[in-house]
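Okay, got some structures for you below.
Each of the next two complexes has chain A plus one more chain, namely chain B in the first and chain C in the second.
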Partner chain A sequence: MIRHPLLMALLRSPSGRIGLGLVLFHCGLALIAPLIVPYDFNAQSEVLDAMGPSLQHWAGLDTLGRDVLTRTFLGGRQALLVTVFGTIMAITWGSFLGMVAGLKGGRLDELIMRTVDTFLAIPFMIFLLLIIASFGNEPLVMILTLGFFYGIGVVRLARAATLDEVVKDYVQSARARGESTLSIVLKEILPNVRDVLLVESAMRWSWMLLAFSALSFLGFGVTPPTPDWGLMIANARIYMPLAPWPVLAPMIALSSLIIGINLVADALAKALGLDRTQARTL
Partner chain B sequence: MTALLRLEKVCVGYQSADGEPVLLVNEADLTLDPGETLGVVGESGCGKSTLLLSIMGHYKPGLKRLSGSVLFEGQDPDQASVEALQRLRGGGMALIPQNAGQALTPTLKISAQMVEALQLHSEVPAAHWKNKSIELFERVQLPSPEKLLDRYPHELSGGQQQRVAIAMALAGSPRLLLLDEPTTGLDVTTQAQVLQLLSEISETTQTAMVFVSHDIGVIAKTCQKIAVMYAGEIIEAGTQETVMDQPGHPYTQALLASVPRLGQASLPDGIRGRLPESLGAPKDSCAFEARCGFSEAVCRTQKPDVIDVKGHLIKCSRQSSIAPFQLPNSSPRAVLEGFEPERKVVLAVRDLALTYQSTGPIKRWLYGAPEPVVADVSLELRQGQTLGLVGESGSGKSSILRTLAGLQPGLRGMATFLNQHDLLIPVGRRSPEVLRKIQLVFQNPDASLNPRRTIRDIIERPLRLYFNYSAPERSAEAYDLMDSVQLPRDYLDRFPGQLSGGERQRVAIARALAAKPDLLLCDEITSALDVSVQASMMQLLTELKSKRQLTVLFVSHDLPVVGALADHVAILRNGRICEAGATQEIFEQPAHPYTRELLAAVLSHR
Partner chain C sequence: MLRLIAFRCLFAFATLWVVSLVVFLAVELLPGDACEAFLGQMAQGQRLENCRVEHRLNESAHVRYLAWAEGLAQGDLGNSIKRSKPLENVIGPRFRNTLILGLTAAALGIPLAIFLGVLAALWRDKRADLLISSAAIFFMTIPEFITGTLLISFFSVYLGWLPGIVIMRVDAPISEVFTQIGLPVLTLMLVMVAHIMRMVRTSMIDVLASDFVMMSELKGLSRTRQVLRHALPNALLPAINLIALNIAWLMGGVLVVEVVFNYPGIGRLSVNAIADRDFPLVQALALLMASIYVGLNLMADIATLLLNPKLRTRQGAPL
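So, the complex of A and B:
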């Protein structure tokens, strides 16, 4: 059993326990779903119409007569895959560039930050659609595009957090020793901005998950018939007044995961002694 | 005569999670008659500010008075109604905070803040507020009071801000002034003026004062009665003369011995050990026992007795066997041997000028060359020498050090290291050898050690950077370094936050020594520390200097400290050196009026 102090602090707060439980539940489900789902996700029932919950189909059937529970269990796999790696990528490149900009200052800082400003001015959803339309919606393409666009905000955050640290004497002392920029960034600054970045990555993750589901909803995320929450909601949306079941299950799944991540972010911020709003405005 | 203020067995603290009381102030007794001045002295964390605030019935979040009584003119501030408390604070008693610059509202003009004080705490009619403000400003000797009223706090100097705070406190004609380290952030010359002013106020208006400070010199100069605090307890109390001349408690004696004095040819003695880490539940032992030279079994098993000799209270069980206090007469300072010109020149600075910002060619063309903040500075430092660079805040002493360390660009002039390396180039362009041979130690060890890295990481950093050691060699070297700065080896696996201030500064010195430097640049390395710790730091530095043949450039604002450490002194004023020479000559026969002023401002205790 891991007894990391941060983990223990997370487990002490109710929101940390619930959030971590939800997130771990979804991650575990995504891993083992193919082994436990009762039906093939593409198999159509003899009843070809949307049907409410029954003993055979706990969450009902969708408009094509497919089992909603099966599709919901499987529907988070691609979203989690893309967003987990997308978040890692966004935080990695964003924080590195931000820390370098904050540490070096001067013209390099100007160059990096004005480029960041330019990208922030672009409505990125449209940009995303453009990229996906031209390069396809392979998971790798999605990871790279989401990872890139969500890293832009991280640059600003990491730079701001770094600016607080560079003026401190331990960074000055490292500079006076003649340490390289890389080692100052990784050995001196990173451990001290880690908290802010950790909370930020949890929040980036939840936003990215929403964005991915929105893309799927718009028909750009995953290719049918692969099950995906956003796509499921989009497909069943028009029949919602008559048959709410096929919408309900993926909605609960998506929102419980996002709520879970946000609870973890809150508990993390509290355990690390950061005010979440304060971490955001950095 | 009834007492103005009476504190009886006051305990301030909080209930810990397991129900045990944790006391920051433990059974404090004080009495103060009208017009009397009482000084409370103690090192950081001993509870003196908490005690002071409890007199006003104010506590830091989470704290409260757990037992005992506070009576101000027969009234307990904790029992007073909100209205009564409002009248009491500002009217009956007034607080003068440590940092007046922060206590004044930055967005309001001085006049508005004075009016607020007068409106709330005095009977002065509105029509006379302005005149009354001017009158109060004249009383605190502020220059051109009418103009000052129209200014914002940031447009005033630190000394002026403190005077405004004093004027505001006097607005309600209080019977008692509470002063929380009122001169701590100020330069020595300004401090001397403010203390003079406070003494005059207490004499002319018969206002009683409770004066809290870590600086025993400040207390001795201003107060008639002194109480010494240690770990939340008042361990000695009496009149100024008795406490200063016949200190009875071992802690008071040690504290007095650790203060560096002008003209003393020896280093002061430090107090061994450290303050109790956290103040737990009250114990049945003497709080100072672990650090006391007179400690015996009885000190560990029972609370110390309080001995009262004609109003001189001493809280110590072994009082009878403690010798009368004598100023320490430790070994005289090691004088540099050998004919000085034969030693090689480590650092030579000639006509150095510098500014805060670097300016590119375009800016320089547009705006002209920037005004230098430091100009015409020439220094020479030979191997094994220690040069003290003395100046008040803003004199440019730290800027010179940062320039020599390559963190800040120089403007013109020349600085060479070992007669061959140019020191006006930034760190990025220096050779690894020069980087290694010049090491910088910062003022505040809280900030200069990375809080997220262990002591081992911190000390081994220079070892990795400059030397090709294997892991076991590095480890062995780290142990040696810990030994040489007199820290236990198991501290290597701790984080800086788990060490006390003095221990952290030792780690910072060990890190600098790890590079095996020739030149050590010290930026006020003792000024963030308590006196008892400062004394042991000075001893450590002296010892290391002679052992390792270190050349030290020691920047400080504290003349007695420099006097005890440095062979040569350069006095810096407004970025220019106004006097330089051998320490003894300068201290005994200062030629420049500014040097004389600085020396006169140094507080002596007798």
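So, the complex of A and C:
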């Protein structure tokens, strides 16, 4: 049993427990879904029509006669793959650049921050769509693009957190010892801004998931017939009054994952004593 | 004071200039040129050549950037490849529609958000606060296309009160637009109110705990006067910038909401422009959205400067 203090703090609050449960459930499901789903996600039943829940199909069939439960179980895999690695990339490059800017100061800092300000003005949704339209929607392309755009905001945050640290004695003495920038950033500053970055990664993850599902809702995220929540909702949405189940199942799945991540972020912020009220920038 | 404002304006223009470079370069770096992308499989021979000549793609990149920038400065956005008419005529009416949608949502949503935020702060950790705050988290986290779809099935399919899909001509008169936008406005509002309400709540809680509010209580002022006259203005000041950032961020949401409700605005136009590979149109739209972002931030900066008593001169607030 892992008894990390942070984990214990997270488990102390009820919302943290629920959130962590939801996130772990979804991640676990994404990993084992192909082994446990009852049908082929692309197989059409003889009943080529939307059908309500039955003993054979617990969440019914969609308008093409495919099993909704199977597609819902599989529908988060691409989203999780892209957003988990995208978040790791965003946090890594964003915080590294931010810490260097905060530590170095002067011209370099000025240059980095003005560039960041400019890039924040770029309507990234249009750029995402443009890049995907030109380079395709392979997971790697999506990870790199999302990871790049969502790292811009991290630079600001990491710099602000670093500025609070650089004035402290331990950084001054590391400088006096003549340590390299890289070693100060990684060994001295990183451990002290870790909490801020941890909460930020949870937030970024949930925003990236929102962006990914919006992209796939618009038809840019995955290529059919790959099952994906956003695309399932987009396709089944117009039949909702007649056949609500193919819409409701992916809606519940997507919402529960996003709410779970947010609950974890909130509980983490409370446990670490950081208030989480900054604007949602990018 | 004036120098500060002038400096901010200058910086905003510099930002837009760099953004225009980035937007131009990004499209330039994509594989294939605008004509190849648009014509697709028909991109060969005379047809491709004609298209390239018409859109000046045979000239080198910096010449085209200068021509584009010169046109922009004169208010000429260039021509759409797909629709082969001036972009102003394509974007203009749709931009008006998006403005109507956004401004209505903001006009209704911001006061409501401030009201709810103050209530939640006053009743901090009581049942009403928990209710408002959890509803806010719910609407902040759920994607717009889910809220939109649920609202359609409840208000237009089940109750039959509001039209679920917007069916109107792009240049419909304003009175007609207003009969159609009930649900899109509501969808946008839910997200916006949730975000702004949370910021107002936090900022209000901070201010309520400060010395001068305590002082106004000791002076024997009524609770209403304490809150409205002393606490609220000070709580709103730090929230202004965040509100501007949020509205700018909401533009990404507008894109999805317009697609969900089939609303003829610039959000849906940009999705279509990208699907059609109409790069000149995409460039113009990207720049337009960047200008909105920069403009809103500039306004928020100036408002903060004007409202901050520390920056007022003896002659009163300068304008």
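Simple rule for what comes next: the second predicted complex is superposed on the first by the 277 of 282 C-alpha atoms of A that agree within 3 Å, B and C clash if a C-alpha of one lies under 4 Å from a C-alpha of the other, contacts with A are read in each partner's own complex, and residues count from 1 in each chain.
Criterion: contacts are C-beta pairs under 8 Å (C-beta built on N, C-alpha and C of every residue); 3 or more make two chains touch, one makes a residue touch a chain.
Model, not experiment: these values are computed from the prediction.
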{"item": "Touching partner for A:36 - first (chain B), second (chain C), both, neither", "value": "neither"}
{"item": "Touched partner set for A:179, first chain B, second chain C, both or neither", "value": "first"}
{"item": "Partner touching more residues of chain A, whether chain B or chain C", "value": "C"}
{"item": "Touched partner set for A:192, first chain B, second chain C, both or neither", "value": "first"}
{"item": "Which superposed partner A:217 touches (first chain B, second chain C, both, neither)", "value": "second"}
{"item": "Touching partner for A:168 - first (chain B), second (chain C), both, neither", "value": "first"}
{"item": "Of chain B, residues touching chain A in the complex", "value": "405-407, 427-428, 430, 432, 435, 439-440, 442-444, 447-453, 457, 461-462, 465, 511, 515"}
{"item": "Residues of chain A that touch chain C when the two form their complex", "value": "117-127, 129-130, 133-135, 206, 210-211, 213-214, 217-218, 230, 233-234, 237, 240-241, 244, 247, 251, 254-255, 258-259, 262, 266, 275, 277-282"}
{"item": "Sites on chain C touched by chain A in the complex", "value": "15-16, 18-19, 22-23, 26-27, 30-31, 37, 137-138, 140-146, 149-150, 152-153, 157, 195, 198-199, 202, 241-242, 245-246, 249, 251-252, 255-256, 259, 270-271, 274-275, 277, 282, 285-286, 289-290, 293-294, 297"}
{"item": "Touching residues (chain side chain A, partner chain B) in the complex", "value": "168-170, 172-179, 187-188, 191-192, 194"}
